[in-house]
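Next up: the structures, one after another.
Here come two complexes built around subunit A, the first alongside subunit B, the second alongside subunit C.
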Partner chain A sequence: MKQSSLREHKRLEEGALLRVRMNNRWTLYDPRLAWMLVAPVLLLLIFFLVLPIAVMAAYTFFTFVTAGVETSALTAANWQEFFTDSYYSGFLLKTLRVGAITALLCGVLGYFPAYFIWATSFRHKWLLLLLLIVPFWISFTIRTFSWINILGEQGVINVALLRMGIISEPLPMLYNEGAVILGLLHFLLPYMILNVYVSLEGIDRTLIAAARSMGCTSAQAFREVTLPLSLPGLAAGLLLCFVLAAGSYVTPQLLGSGRDALFGNLIYDTIMGELNWPMGATLSIVLFLVLGFFAAIYTRYMGMSQIVKGLGG
Partner chain B sequence: MTKAARRKEEGRWAWRLTGFVTLCVYIFMFAPIVATVILSFNASMFGGFPMTGFSLQWYAKLMNNDAVLTAFRTSLWIALVTAAVTTAIGVVTAFALVRFEFRGKQALSTLVILPALVPETILGVGLLVLIKAVDQPRTMLLLVLGHILLAVPYVVLIAQARMVGIRRVYEEAALSLGASRFSSFREITLPLLIPAVVGGALLAFTISFDNTSASLFWRPAGVETMPTQILSMLKISISPEINALGTVMILVTVGIPLIGGLILQSLTKLKRRGEPKEEVR
Partner chain C sequence: MKLTTTKRLERLHDRYANGDLSRRTFLTLTAAAAASAGLSMPWMGRALAAVEEVRFDGWGGTVQDAIDKFAFQPYTAKTKIKVVQGTFGDEDEIITKIKTAKPGDYQVIHSSGVNYYIKYVNGGLTSEINEANIPNMANVLQPMIEPFRKLTPKLSAVPYDYGTTGIAYNTKVISPEEAKEKGAALLLDKKYAGKVGGYSDMTTRVWYAALATGQDPNNLKDMDTIWAKVRETRDLAKKFWSSGAELMDLLSKGEIVVTDAWSGRVAALQDQGHPIGYLDPAGSYAWMEDMLILKGSPMTECEELINFMLDPATSIAVAEGQSYPPSLDPTKVKLTDKIAKLPAFDPTGTMKALTFADPVYWATNEDAWTKQWNRISKGA
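Up next is the complex of A and B:
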């Protein structure tokens, strides 16, 4: 009896849906409607992301005449200059090195807090998580320049050491590569911690209990179960930190000297300073391809989903 | 000591080490910010330690700095428009991506996250090259649309995550009872999506309000947003005024989401009663 009323109900419902379909001459989940819904975002992506990169790729073959002027006569001169002048490859290698160091440091330093937050029995865990999200709300420029108050000649460290008589002159801690990496670390650690934390949260805790009950020590259980299962999050964090560090502009600008400029600064100076648009476009495409290459390797082995989770999905 | 006891001891030390590193990381995250806030009240002429006394003079000076006030107003407007538009188009896109099946859906979901992964310098240059190629000037509209592009991935991801948890039978029930597509979305889907809508709007606001690198490329000549204004002030030197400005900005950008979150939490608590239990599909 119950079965038949259920069937009746289902039939009625289908009838109603059919009516909707008849009225509009559209099916309920019509692809045309979907395209209308995504149209604004799709147009934005086409005109502000896809088309610019395509035009930029074409621009790399344009001829540079003088500051701010170029002709559409096709040439390979920009690419030739990029591949022959060691100035550019030096910049690229330095940028990749700084990005890699930053990402690795983030991985090492970020794993501990992520693990701690996941494993702690502290009741106000949410507070620890909230504190990780708060930096995202504070302006990146402010977070970066605030390091001047710590490392600068009148910063906390120098003033404290001078007062204690340990040093007689302020230590030069700012405007070098170390300061740039420190600033990047400060900016990227929350990304890493959240990525690792999300993948730790996805682990079935009974697996660890099972490992322990089979005689694993806690160290073994961590090494054999927890660590491998959290690797996707760690890898996503590493990729994200690497890409964001290698593409940074503000941090080297504020915390580094002229010698610590990264590829992003080179692009900015080429375009806004020298007004050499074809070369600027070439450098942008190079950075895009190099970072895209690393992202492609990553997605080949890990897939996109972990990145999506890490970005807040 | 037995083997087991030694292992237990090791485990305890490992846990202590984890806790210690965690503490250090949190100190590392917040020490510079705390130092900036403290220094903004310093009476000294120079933007650094030691503290020579408590003073609010730098805030007073800030209130009379026209360049800063203009930049603040500009940024506020851009961020508000960005938040409103991004939330509207982002939520609708997330709805389509979750509910509908259409060709190219997978490609679109990947394309949507790209603005968050491509470095801002590249996005910045790309758009400039495009408008140079078609001989258009940099305008405010361009800057706002650029900010929307940067915020779209986050809003879509947040809305998508929430959308997946809302069962489609609710909407379909409304439809079968004669509601139009639009009113079923407005009356059923949207209220269930509210946490994602508010969260997405707040995030879009902060992304736009904070954006530095891309804004440096896109801003029309003579226009300063708050971050670019700070950057140009820093080119001279770090002054106590910048510390005060930083503190005000921190209060705004941390205060708004915190208050928003608290309001949201109390709202959902009130609504929890009498709401049918949601099953997770």
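Up next is the complex of A and C:
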């Protein structure tokens, strides 16, 4: 009798630990409650992400009649054109190349400022972080346009070099791929720095002290402890920068020539210039799938949990 | 004049007070009006509210500044109807937005003439104007109205101004004599490689390639030669600009020294004191612009606005401000000396001195040529 009462008491205790009864019908970990809490986000995702993509996917099979006019007669012509015309695949490869270069440069250039902000003993570290965010207060288009005043023939650099007599003709620094990558770096570096910084902040500093106490030099401690532990942040930053760079179209439009266009510009011109929505939708879905594929492969080998950790999770 | 709900009820009350209406009928009609107001959907309220404002989308920059200052602001002061404005750099851009919006979201467009009018017609985006509501149309040049009427006997647009896309050049680098001698060939002069610009627009590129190859822009015989010339200009060009603001920026900063350019924008640069010359070579690309009313717009208010804009005093002030000649017939309305000196101005009112694009011919080839131009512009 005493034993069964003890068992009953234990069962109730476990039940109380697992479930917090809120009223007669609901419990804290009730699956119905979980669905209700998730439902708003789920609905938002369905209506503003899944459905628009589905509509775009359907559009890829529509028939283009003339500029601004299409019919719902189903055709595979748009996909056929994409797969048989090397113009599109050429731009896709070029876009991936520019995206990869930009992401790598962001990684190399962004790691050191992040490390500095993390390692500094400056009392007002928040000021340094604030400086990272300050560019976001200015419109992205204006930030991009500002490079014209810096790199242009009448820009700061050329005017200074000409006045100092270092050059006799202005250097062609604008409207080329270099200018596009520079503009993308300007736009994406804060994302990389913040990712790496968050990752560095998660490192237990006693590990570095332990490495030093066991005879590691500062460089060895960085190589053996700090760098490996900050890799998730770097990886997350690389993925983010690659996807954003490969999907951009404003920067190449403003800082590049026609030849420096990226795949996003092809989509823009097809939809906005040719008013050919079915083909524009096809190109959009292609970019979405290709970038999704890269993100999937990346997370498969890097581990999604590591990347999420890098993103501050 | 369209009656407001308040006005209708006031008239109803007057009729009841004068004994023209029985008490029962008056109460029935008033109750019906109240019910319809009470049961109205949210969009009905917005639709009624829209009458208090008209949406206008134009080319921005100096052109829209002039329209706003000399037409919209006085119009709002007179009628209390606000003109909500938007801008675009390329008309295809606004057509895309219109397609994705509800009828009535976009109402009046400062459109690029007959070439674009066809696109609105094909897309089922046009309205039908009641010309009786725009008495000032009587002063508009008939040669400008006729091409529109050929496409739709019931007009959806009213011509408002015209201009040319000629050659603009930096006078510090290129003399007026050299510009006159070379004309359209300036855009292909290797001496200016890397300093050439151009409008990133299929029609302009093909038009100037036609002039360079000695072909009639409205009857092109050899497209291979045309595309070869387009590629030649592309290889010499530093940048193909895509808006009037970008054109002015490139020219004023000296990034380019020669480009095809919109006459009004060049006039604005000249007014600002920049050393820019302008030349209309033989066969220079002439175009007209119109005020187009889209389907679903509040027609009465839009027609009233356009009539106000066509009023000679308003139209002349806008023309002087935006540096494009107005669509007013100079044989019917006395225009100013300043307008007479504007590039492209035709004092005869026949428009025979200007070469416009044949809308049907260009519309037939538009899709294929735009696609080809987009590829060439990207290095193909």
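Keep this in mind: the second predicted complex is superposed on the first by the 255 of 313 C-alpha atoms of A that agree within 3 Å, B and C clash if a C-alpha of one lies under 4 Å from a C-alpha of the other, contacts with A are read in each partner's own complex, and residues count from 1 in each chain.
The rule we apply is simple: a residue touches a chain if its C-beta (ideal position, glycine included) is under 8 Å from a C-beta of that chain, and two chains touch if they have at least 3 such contacts.
Note that the coordinates shown come from a computational prediction; the quantities given were computed from them, not determined experimentally.
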Next on the checklist: Quick check on the superposed pair: does A:Leu289 touch subunit B, subunit C, both, or neither? Answer first, second, both or neither.
Outcome noted: neither
Next on the checklist: In the overlaid three-chain picture, which partner chain does A:Val250 touch, first (subunit B) or second (subunit C), both, or neither?
Outcome noted: first
Checklist outcome for this item: The answer to whether subunit B or subunit C touches more of subunit A is B
Next on the checklist: Is A:Leu93 touching anything from subunit B or subunit C once the two structures are fitted on A? First, second, both or neither.
Outcome noted: neither
Next on the checklist: Tell me the contact category for A:Glu153 with respect to subunit B and subunit C: first, second, both or neither.
Outcome noted: both
Checklist entry - In the superposed arrangement, which partner chain does A:Ala67 touch: subunit B (first), subunit C (second), both, or neither? => result second
Next on the checklist: Let me test your reading of the model: by the given contact rule, A:Ala210 touches which partner, first (subunit B), second (subunit C), both or neither?
Outcome noted: neither
Checklist entry - Counting only touches as set out at the top, which of subunit B and subunit C does A:Gly110 meet: first, second, both, neither? => result first
Checklist entry - Should A:Leu275 be classified as contacting the first partner (subunit B), the second (subunit C), both, or neither? => result second
Next on the checklist: Between subunit B and subunit C, whom does A:Tyr29 touch in the aligned arrangement: first, second, both, or neither?
Outcome noted: first
Checklist entry - In the superposed view, which residues of subunit A touch subunit B and also subunit C? => result 148, 152-154, 253, 271-272
Checklist entry - In the complex formed with subunit A, which residues of subunit B make contact? => result 7, 10-11, 14, 17-19, 21-22, 25-26, 28-33, 35-36, 39, 46-50, 89-90, 92-93, 95-97, 99-103, 105, 108, 110-123, 125-130, 132-133, 145-146, 148-149, 152-154, 156-158, 160-161, 172, 175-177, 181, 203, 206, 209-210, 212-213, 216-217, 226-227, 230-231, 234, 238, 242-243, 246, 249-250, 253-254, 257
Checklist entry - Can you name the residues of subunit A that touch subunit B in the complex? => result 13, 16-17, 20, 24, 28-31, 33-35, 37-38, 40-42, 44-45, 48-53, 55-56, 59, 109-110, 112-113, 115-117, 119, 131-132, 134-143, 145-150, 152-156, 159, 163, 185-186, 189-190, 193, 217-219, 240, 243-244, 246-250, 253-254, 263-264, 267-268, 271-272, 277, 280-281, 284, 287-288, 291, 295, 304, 307-308, 311-313
Checklist outcome for this item: So, in the complex, the side of subunit C touching subunit A is made of residues 90, 92-93, 95-96, 99, 119, 122-123, 194, 200, 234, 237-240, 242, 249, 253-255, 366-367, 370-371, 374-375, 377-380
Checklist entry - Which residues of subunit A touch subunit C in their complex? => result 66-69, 87, 91, 148, 152-154, 172, 174-175, 253, 257-259, 261, 265-266, 269-276
